[in-house]
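Sharing a structure here in structure tokens format.
All chains are identified by letter, namely A, B and C, in their written order; residue positions are counted from 1 within each chain.
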Amino acid sequence: MALLEVRDACVRFAGLVALDGVSLSVSRGEIVGLIGPNGAGKTTLFNTITGLQHAGGGRVSFDGRDVTALSADRRARMGMGRTFQTPQLVARLTVYDNILLGCQARMRNGIFADGLRLPSSWRNEVLARREVDRVVASLGLGEHVHRGVGELPLGGRRLVEIARALCTNPRLLLLDEAASGIGREDAGGLAQLFRRIRREHDLSMLVVEHDVDFVLSLCDYVYVLDFGRVIARGTPDVVRSDPAVITAYLGEEVPRAAAG
Amino acid sequence: MELLLATLVLGVVQGAVNALLGMGVVAVYRGTGVINFAHGAMAMVSTYVFATMVDHHAPSFLGVPLAAVVAVLVGIALGVVVDVVVMRPLARQSALVRIIATLGVLYVLQSLAIIAWGGATRAVPQLFPQGGHAIGPVDVSDNEIGIVVVAVLIAAAVTLFYHRTRFGTAIRAVSNSREAATLSGIRVKWVTAASWALGGATGAVAGMLVAPSLGLNSYILTLLVIQAFAAALTGRLESMALALAGGVGLGVLTSVAGTYLEQWLAGHPLSWINIGNVGNGIAFLWIIALLLAWKRPATTQTAASQGMAL
Amino acid sequence: MIAAAPRDAVDRTVRAVLIGVFVVAALVAPSMLSASNLYLLSAGLAYSLAVLSLVVLVGLVGQFSLAQAAFMGVGALTAGHLVSDAHVPFLLAVPLGGLAAVPIGMVAALPALRVRGVYLAVATLSFGQALDTLFFHTAVNGGSAGGGVPLPRPAALSGAVGYYWFELAVLLGCIAFVCMMRSRRSGRNLAAVRDSEAAALSVGISVVWAKVGAFALSAFIAGVAGVLYAGLSEVASGASFSSFDSISLLAVGVIGGLGSAAGAVIAGVLKTMAPVLIAKLPGVASAGELVGVVFGAGLVLQMMTAPLGIASKLLDGERALAARVRTAVVHRQRAAADRAAEVPG
């Protein structure tokens, strides 16, 4: 059974149809890509999957469970990690503390224990820091961890978001335009990083990207969204030659060479 | 049955004042995006001016009407002063900052009122002559009829103003989009000033209508802003008609609860509660219910805006 | 002290020195002040604690409340009944008063689950007003004349100076609690909820419970503040905890700075000591209601300039001091290194 199943998701904003019956599935261990022109509904679909956006219709199931009615934080605790198109970091915390946020849903110490620094507070803090150290080392963020997040360039902030999401021990990682701004020399390096993350953390990925070539080279399966509908789907080879995709991108400037 | 009818009449009269106060809050919100915590305090100051004028000119034929006109003018002036002195310097700040500033205005006006007129509660003469009618089994005073008629007339006038005059259309345009309104040549400054003036004027009228029955001191009217919010939130701070309905509904509910809870609770262990002030409890429940029924949770709204910004 | 956490050894040293200076000043204050001013300063410490409860909400999690005085009232009246009716020791009644305010605070948090910011201010104002008018002036609580419930202090705390020290200890304890909480999981959760609810949700933090927890802690601190305030006059009177007191707390809090514990201390002391200063102005017989005008205008002015309060200036000063210390340290190390280099040569 697929890890993530979306069936006929519909979302409307004040008369505007953002998602019009989108269905999609991600199997275990798979990297699935989501492409489409600006305004196609990619981020809305992400928000619907993760629970930040109420679906007007349709259902979302995760790991065999219907999660349509569950709140976003419940879904995150079930193993959905995500990043945001505009990185959502806590400006007042350091890079390290931002990444620590990823561990916090699993920690049980509350205000009382933290305010009095009870043993449970120390124990959880130590465990969480160990986890963060591991992820930080794995992503090569070591030199930046004690800076403020405001001092980082866009790419750095995206990496911090990925690190934070990885600390939640996700089984599905949803990356919203994670490649733009990361500034690897080539898309190949980034694709390698993503594959390594999949292997080391044993997870599936759903990836929204602007760079079509990058998605086609990285993903096992690709969905193409336009005007809130899936206009094409299949393996990268199938999608590449799909006439509907070519039409959708006609006139749209596809940043072919702009890797990252 | 008689008790119920009398209770309902009392509720409608109270509610008319709530509605009028709520409409003042809506007027300011629509024109400026500010929720005016000082609405009650401004009404209180205008009402003090009214009462003081009547003290000095009561014997003359025009005493009360003249004082009422002056009080409304004071209300308008107060609104404009708040707009020019406090709100304009804050024009670039967030709505929240401007709203907190209205708390400062409330604090200043309330303290000034005590300095100027003392802290004791005083009586205020009624706007309408003594007398009454028996409507069915219930006696309704002219004053009560007057309050409801004035509230309805002002509601009608304000609605006509918004929908039938050029200036009203301008205000509605600004409340939809400040930028677009500016581009289409509407003078936003005049719109905000007029909204504050309208708030001040309706507040003054509401204060004069309600003070004879509540008594006047620096805090009773100031805190009526809570009832005003309850009424205004009924129409999501946008709809005058719903604010009117909400105000009246709140008044009726308060009156009914006050009458029957007191009977029901007599001798009950809970009777130590000050049931006479049940209106404040009802206003709180009213506000909570409205806010919890707010269609989308706050988080989905942020998410939705992100979704829009694909 | 909440706005900027110390980052290195120099920061920490400077912070420790400043806190030391504050504590020493607070300890010698009783011997410098007249009896009436010491009374006012003691009231100021209770208000500092009340403003700290507002700092937890506004500064840490970005929520608003105009019901803090009502939380104080619940704490004070509960403690009064516990001590004078149930003969609970005063020292035990202090935390119990705070605990009594916790469920009340959680009710006030209800609308925070759906709305935030200004709507929360509206809801909490109406909540505080309902508590005040429905419960605080009943016969049980001393009646409408403001008689109140007796809250006698124990013999050990009966002296003015002794009680002042007790209040100071409670205030510092609560500040320490809030600061320690802030740099751990709970504090980071609150920061996340404040800055980006989407981010908080995406890592599985329950925004609802973060807010409810913050309100519970805030109500506890406010409740304790209410007990301390009532303990000063040895009577818990609902008349001291009206909606205007909540507005007043917000006003002085904003003037002092709601982003830091330092701001809370400044704000509380300002609330009771500013009238003394105002009364000294030429042509002013007594401060009276002029205080309200000053605080209200101060709130408006603070909004116009920078809504960060006096404490932000203090923290700027601290940062400047730390920078100078750091430069001096570097100079000395360099000089020492130069000397060390000269020795072999």
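Just so it is clear, a contact is a pair of C-beta atoms (placed from the backbone, for glycine too) under 8 Å apart; a residue touches a chain by one contact, two chains touch by 3 or more.
Given the structure is predicted, the values throughout are model-derived calculations rather than measurements.
Novice: Measuring centre to centre, with centres taken as mean CA positions, what chain is farthest from chain A?
Specialist: B
Novice: Is the C-beta contact count larger for B-C or for A-C?
Specialist: By number of C-beta pairs in contact, B-C is the larger.
Novice: Hey, how far is the Cα centre of chain A from the one of chain B, in Å?
Specialist: Result: the chain centres lie 48 Å from each other.
Novice: Between chain B and chain C, what is the separation of their C-alpha centroids in Å?
Specialist: Distance between chain centres, rounded to whole Å: 33 Å.
Novice: For chain A versus chain C, what separation do you get between their C-alpha means, in angstrom?
Specialist: The answer is 40 Å.
Novice: Two-or-more-chain contact residues of chain C, please, as numbers and ranges.
Specialist: Correct list: 198, 201, 207.
Novice: Residue numbers in chain B touching 2 or more other chains?
Specialist: 299, 302-303, 306
Novice: Send over the residues of chain A in touch with two or more other chains.
Specialist: Those would be 52, 72, 84.
Novice: Given the complex with chain C, which residues does chain B contribute to the contact?
Specialist: My answer: residues 35, 37, 86, 89-90, 93, 95-101, 103-112, 114-115, 219, 223, 226, 229-230, 233, 272-275, 277-278, 280-281, 283-284, 287-288, 291-292, 294, 297-299, 302-303, 306.
Novice: Taking the touch rule as given, give the residues of chain C at its contact with chain B in the complex, in rising order.
Specialist: Residues of chain C touching chain B: 66, 110-111, 113-119, 121-123, 125-127, 129-130, 132-135, 137-140, 197-198, 201, 207, 242-244, 247-248, 250-251, 254, 288-293, 295-300, 303-304, 307.
Novice: Which residues of chain A touch chain C once you look at their complex with the stated criterion?
Specialist: Residues 50-52, 71-74, 76-77, 81-82, 84, 88-93, 97, 100-102, 104-107, 109-111, 114-117, 121, 124-125, 128, 146, 164-165, 167-168 of chain A touch chain C in their complex.
Novice: Provide the residue numbers of chain C that touch chain A in the complex, in ascending order.
Specialist: 7, 177-178, 180-181, 184-189, 191-192, 194-196, 198-207, 213, 216-217
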